[in-house]
Amino acid sequence: MGKGGMSQGGSGEDGVEQNMGAWLLGVNNLKIQPFQLPPLGPHDVRVRMKAVGICGSDVHYLKTLRCAHFVVREPMVIGHECAGIIAEVGTDVKHLVPGDRVALEPGISCWRCSLCKEGRYNLCPEMKFFATPPVHGSLANEVVHPADLCFKLPENVSLEEGAMCEPLSVGVHACRRANIGPETNVLVMGAGPIGLVTMMAARAFGAPRIVIVDVDDYRLSVAKDLGADEVVKVSVDIQDVDQDVAQIQKAMETEVDVSFDCAGFNKTMSTALSATRAGGKVCLVGMGHNEMTVPLTPAAAREVDVIGVFRYKNTWPLCLEFIRSGKINVKPLITHRFGFSQKEVEDAFETSAGGGNAIKVMFNL
Amino acid sequence: MGKGGMSQGGSGEDGVEQNMGAWLLGVNNLKIQPFQLPPLGPHDVRVRMKAVGICGSDVHYLKTLRCAHFVVREPMVIGHECAGIIAEVGTDVKHLVPGDRVALEPGISCWRCSLCKEGRYNLCPEMKFFATPPVHGSLANEVVHPADLCFKLPENVSLEEGAMCEPLSVGVHACRRANIGPETNVLVMGAGPIGLVTMMAARAFGAPRIVIVDVDDYRLSVAKDLGADEVVKVSVDIQDVDQDVAQIQKAMETEVDVSFDCAGFNKTMSTALSATRAGGKVCLVGMGHNEMTVPLTPAAAREVDVIGVFRYKNTWPLCLEFIRSGKINVKPLITHRFGFSQKEVEDAFETSAGGGNAIKVMFNL
Amino acid sequence: MGKGGMSQGGSGEDGVEQNMGAWLLGVNNLKIQPFQLPPLGPHDVRVRMKAVGICGSDVHYLKTLRCAHFVVREPMVIGHECAGIIAEVGTDVKHLVPGDRVALEPGISCWRCSLCKEGRYNLCPEMKFFATPPVHGSLANEVVHPADLCFKLPENVSLEEGAMCEPLSVGVHACRRANIGPETNVLVMGAGPIGLVTMMAARAFGAPRIVIVDVDDYRLSVAKDLGADEVVKVSVDIQDVDQDVAQIQKAMETEVDVSFDCAGFNKTMSTALSATRAGGKVCLVGMGHNEMTVPLTPAAAREVDVIGVFRYKNTWPLCLEFIRSGKINVKPLITHRFGFSQKEVEDAFETSAGGGNAIKVMFNL
Amino acid sequence: MGKGGMSQGGSGEDGVEQNMGAWLLGVNNLKIQPFQLPPLGPHDVRVRMKAVGICGSDVHYLKTLRCAHFVVREPMVIGHECAGIIAEVGTDVKHLVPGDRVALEPGISCWRCSLCKEGRYNLCPEMKFFATPPVHGSLANEVVHPADLCFKLPENVSLEEGAMCEPLSVGVHACRRANIGPETNVLVMGAGPIGLVTMMAARAFGAPRIVIVDVDDYRLSVAKDLGADEVVKVSVDIQDVDQDVAQIQKAMETEVDVSFDCAGFNKTMSTALSATRAGGKVCLVGMGHNEMTVPLTPAAAREVDVIGVFRYKNTWPLCLEFIRSGKINVKPLITHRFGFSQKEVEDAFETSAGGGNAIKVMFNL
């Protein structure tokens, strides 16, 4: 830390430069400003951030100061998809040393509630999660974080790939909840970052055949490049559901065992519910709509269950193993890169908000 | 069989009287007419029907000739909730003898498709189910049925209770799918026959606390008599969902782990989705609406899964055990009884169609 | 705390009397001596112990200074089945106040290892468990413990019943692991404290029929009083396994779905493996033998799985609900009571070590 | 059928040549003799056998007339690992036509017992299984078999590969029962045919790291060629268990999540139980010993469950998909081939009995 020539500074007891973070101050108002870290507890580490990706929710906060039922009421450092290098370790930390490259799991749960104790800590009501108000995020030179949420990168996994464990984790958790394996033929609705990582995770879990659906040709071409067996281009017209289902089933060549709705609109969910075989599952990942109008009863009458997904739990080791072994290659998802200056932060968020050809926008700090 | 003085006759090789069945001939047109049985296969039994209940679907067919996607195109014998006495057994039948009292599981599945082989035979696409067109039902003096779908009644279980295994099976299957046990606090939406059997099944599976909701005071009073911990009277106004949820949660005193929607309307499902705790389940049993407008996304974001229910599988032995042991008492559900004459059949269906105070209408043949 | 007239003293910053604990100093050497408590953390509580039961493992430590692979190398306060009254709460404790009566779950897990995070915290390699060396136990006037491991007693549950949650938890965890429900006919081998609580837990989970086996007439008579459907007296002669199995199956009247071996000897395990139906489970709770000679292959070839049990997790709320609701009555298990003086502690352990008519020996402090 | 020039003949109503089968007449006494087929039922097919493998149980019957608790009391046609070409289809068969190449699942279950109906048909007490007395096998020119147990081969899958679905099914079923996926590091004890297919199945289910153990260098070299990450050579000396466990854990580099004992001896099972991590599973596939002396209690006390495996269910479609997609290559397992003459049949069984370099011996008919 505190190595000369580092422009935005560093921090810590030995540092001379100040830790800077990207603060969300208001709608469309993001400023790089000093960010004071909490003291390092015995089980904590201080991490020098090196790669931070932009998530749809970050953009949503920037544009509206809200996401789902969370509201930004105080200035908040943004960012939560991240990896970095250990700068300092707490007195009781055994498995990490300064210099280790790590990917960070962003949520700190309470371990005292019944959900935590049953192993569903992603649902902890006391969760403290990077950049979910009022908790600060990780788009900063340095953060302090519990050591058990920092996962050492295998040698052949880059820091950017480490940061990609966060979105990939959503796909991995969805695949676990839907019990994907070598007998599960998979439909993915939506080829955004989340649809794409879910597709890749499903493949890594063994899915023999995957069909992915979007309205956007570019995203479908990316999906095909990343390993989709078939892609299906659809409209946004709800009238076309039956026709889309027919097209999907033709592309699948066999039955759809599990569908992931990674868009979350009435139309995508209606399509998923209708396309899935009796006894199959539809996993709702996307959050496009709040209230949904969908043919839920006919699906229930075929025992097509609807499985919810909220973030992830215990996914980092598996994500790193998938990346290390080459079962998943997240690199092609990173379409744009920016440095950590005021101008670049603004540009990066605009690029991400633009959607389309920008899949994952990444900061290199 | 062929006992003198039996008015609608009997049948079989030794019988002199003709087998009669209640034929659905058109909308609101039900006639008792001769019903010729198929030959007795080696694994079949011939059963003298003694108790047949009326189900909502029977009424639906009578009023509209349809139910879900099934359409009555040819005259069809109606009825499927039934019990009777073995009259004759096929050459390979070992576990039954004439005179045995049995409850009949109404669906004959193919045992050759993948769903049958995996143990989800209720989803068999080749299912032949009593009174689901074009398959004849069991409101008749006699039927021929596979012996393995006929379950011997324990001594202390009556034929009417045997017939009640059919609706009870829906509740039992729903409880199995939702994994009800002594740690599951249960909400039931709708106190019709299905809501009531689901409530009783949940109790028998160990649910410590059950709250049941309806718009009808009489049905709620029945629910209370049958063991609900609390009942909540609601309106049909969709605006009241939040207020209903608050009332339900107050009545529950703790969190709702699993909700069963045994009505299946937008309002009941919205209430169930909102009232259930993070990580819980909503089991959709009722089929009030086809398309549903419900807050599915916020529920999915709390990993509240929606579990479908279609009929049942392997439920008769458990239902009989619940009734035998007194864990469930289905007798109070039988509110009306009729004989098997043309006039009584017509009256019975009108009574059932009237709803309200008529919970289960039963024929004694 | 520190109220005058309290004979064995109190402790804490405000206390004037000294906290005393029952120290295991060597083989058969147990002494009441001062026991200094650690400081109270923000999430901790200080509990005035009121009821502490003696477990087989406590006796084992007293007689051999070992249990399984644990060895007592330093003086250690003994005891872990306990309940008491909150004396003081840490600054961040919300759900408890001084005066609350609580049952204590004895194990503090790390919440940082993968087993903890997956919800199997009972297997945590960093577990700190009352009276498992080198961790001190709870047979003392007061202990400091994490608040989330202290469960408030319902009004109608006594402190002694609270202490009984510990052994009962073993039975509850075994039933959960073996997935006991209203369709599971259960065999229990061994009617010691653990066999008896497992039997009661199986009943509370809905087991319709339970047969219990022992070599001791008195224990079988207790089992019968506590609700066993049938008891079977056996010998300890391994030659008798086939005959015992026949007797058990006759007593069961139907198939054995799940067996719990709560003794853990070659003979009991051989009997359990042979008596259980194809596709059933044998749950090994008892630890009578280390190496076992048993017909494992024929059992495996009928897909009879052997399920291990180590202590428990997340069981206190359910135990308290079972006791509160009267589904389980643990009171008859408490056969002997002692006060907390040097003489009584010695007598109590001798009584417990004697086995036979002594089922659970309890201290009232 | 009945095509001229076919040396061992054909059969069927249209055939002129006689159907011949390999009859087990006594110990070491196998004779090719006429084998009359049962009539073709409406759901049956007649299959011209083309590839039949020899299984360890076939050899066992030849040498001892017994296997497990089955005893050959009447002359019986042997063989059950097979594939062939449809010669004739029953009147109700829809999905197959003469000329189709199919792999045969050898067991016909009753579909009337509770195990069948729950989807565990492999445990059916009424199972009729090729070459399990008193049921005839399939080492014959032709057999009659239910059409739903004949699975059409994908174009790129050979008849020999079709026959290999039978042993592969054991591995697939074991992996399903042990819930193998991309997070399961696997130990396999024994590199015989069953150990090797289990290893390949585990890989196809996603196992990231697999260590396999044997006493035989050749078999370990085959295992390495077929994709084992590491192989460990051990002795048969039970004293070496601790040292073997250490070697295995070193080779694994991480924890063993699931072990498959595909030998089934005291030593292999002791090793598997000790090597597996807390909360893991040991799947007992091999049947080397009947009674076993193993450290079962310490394993149970770490909640290492022992999972039994009996044959398979619903495995053919997945096996064919694994072979079709190249995820599994069974061809290298076929080390020896023989024709269907008296001499060759005798030689083939001797070769298989010899073990060692003979892994799978296959007949081409």
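Which chain is which? They are A, B, C and D, in the order written, and residues in each are numbered from 1.
Please note the rule applied: a contact is a pair of C-beta atoms (placed from the backbone, for glycine too) under 8 Å apart; a residue touches a chain by one contact, two chains touch by 3 or more.
Please read these numbers as outputs of a predicted model, since none were measured by experiment.
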| item | value |
| --- | --- |
| Selected pair, greater C-beta contact count between C-D and A-C | C-D |
| Rotation angle superposing subunit B onto its copy subunit C by C-alpha atoms, nearest 5 degrees | 180 |
| Gap in Å, rounded to a whole number, between the CA centres of subunit D and subunit C | 44 |
| Touching two or more other chains - residues of subunit D | 118, 120, 317 |
| Subunit A residues touching subunit B - in the complex, by the definition given at the top | 68-69, 115, 118, 120, 122-123, 125, 177, 264, 269, 278-279, 284-285, 287-310 |
| Residues of subunit D defined as touching subunit A within the complex | 181-183, 204-206, 208, 317-318, 321-322, 325, 327 |
| Residues on subunit C engaged by subunit A in the complex (per definition of touch) | 43, 111-112, 114, 116-121, 146-148, 313-314, 317 |
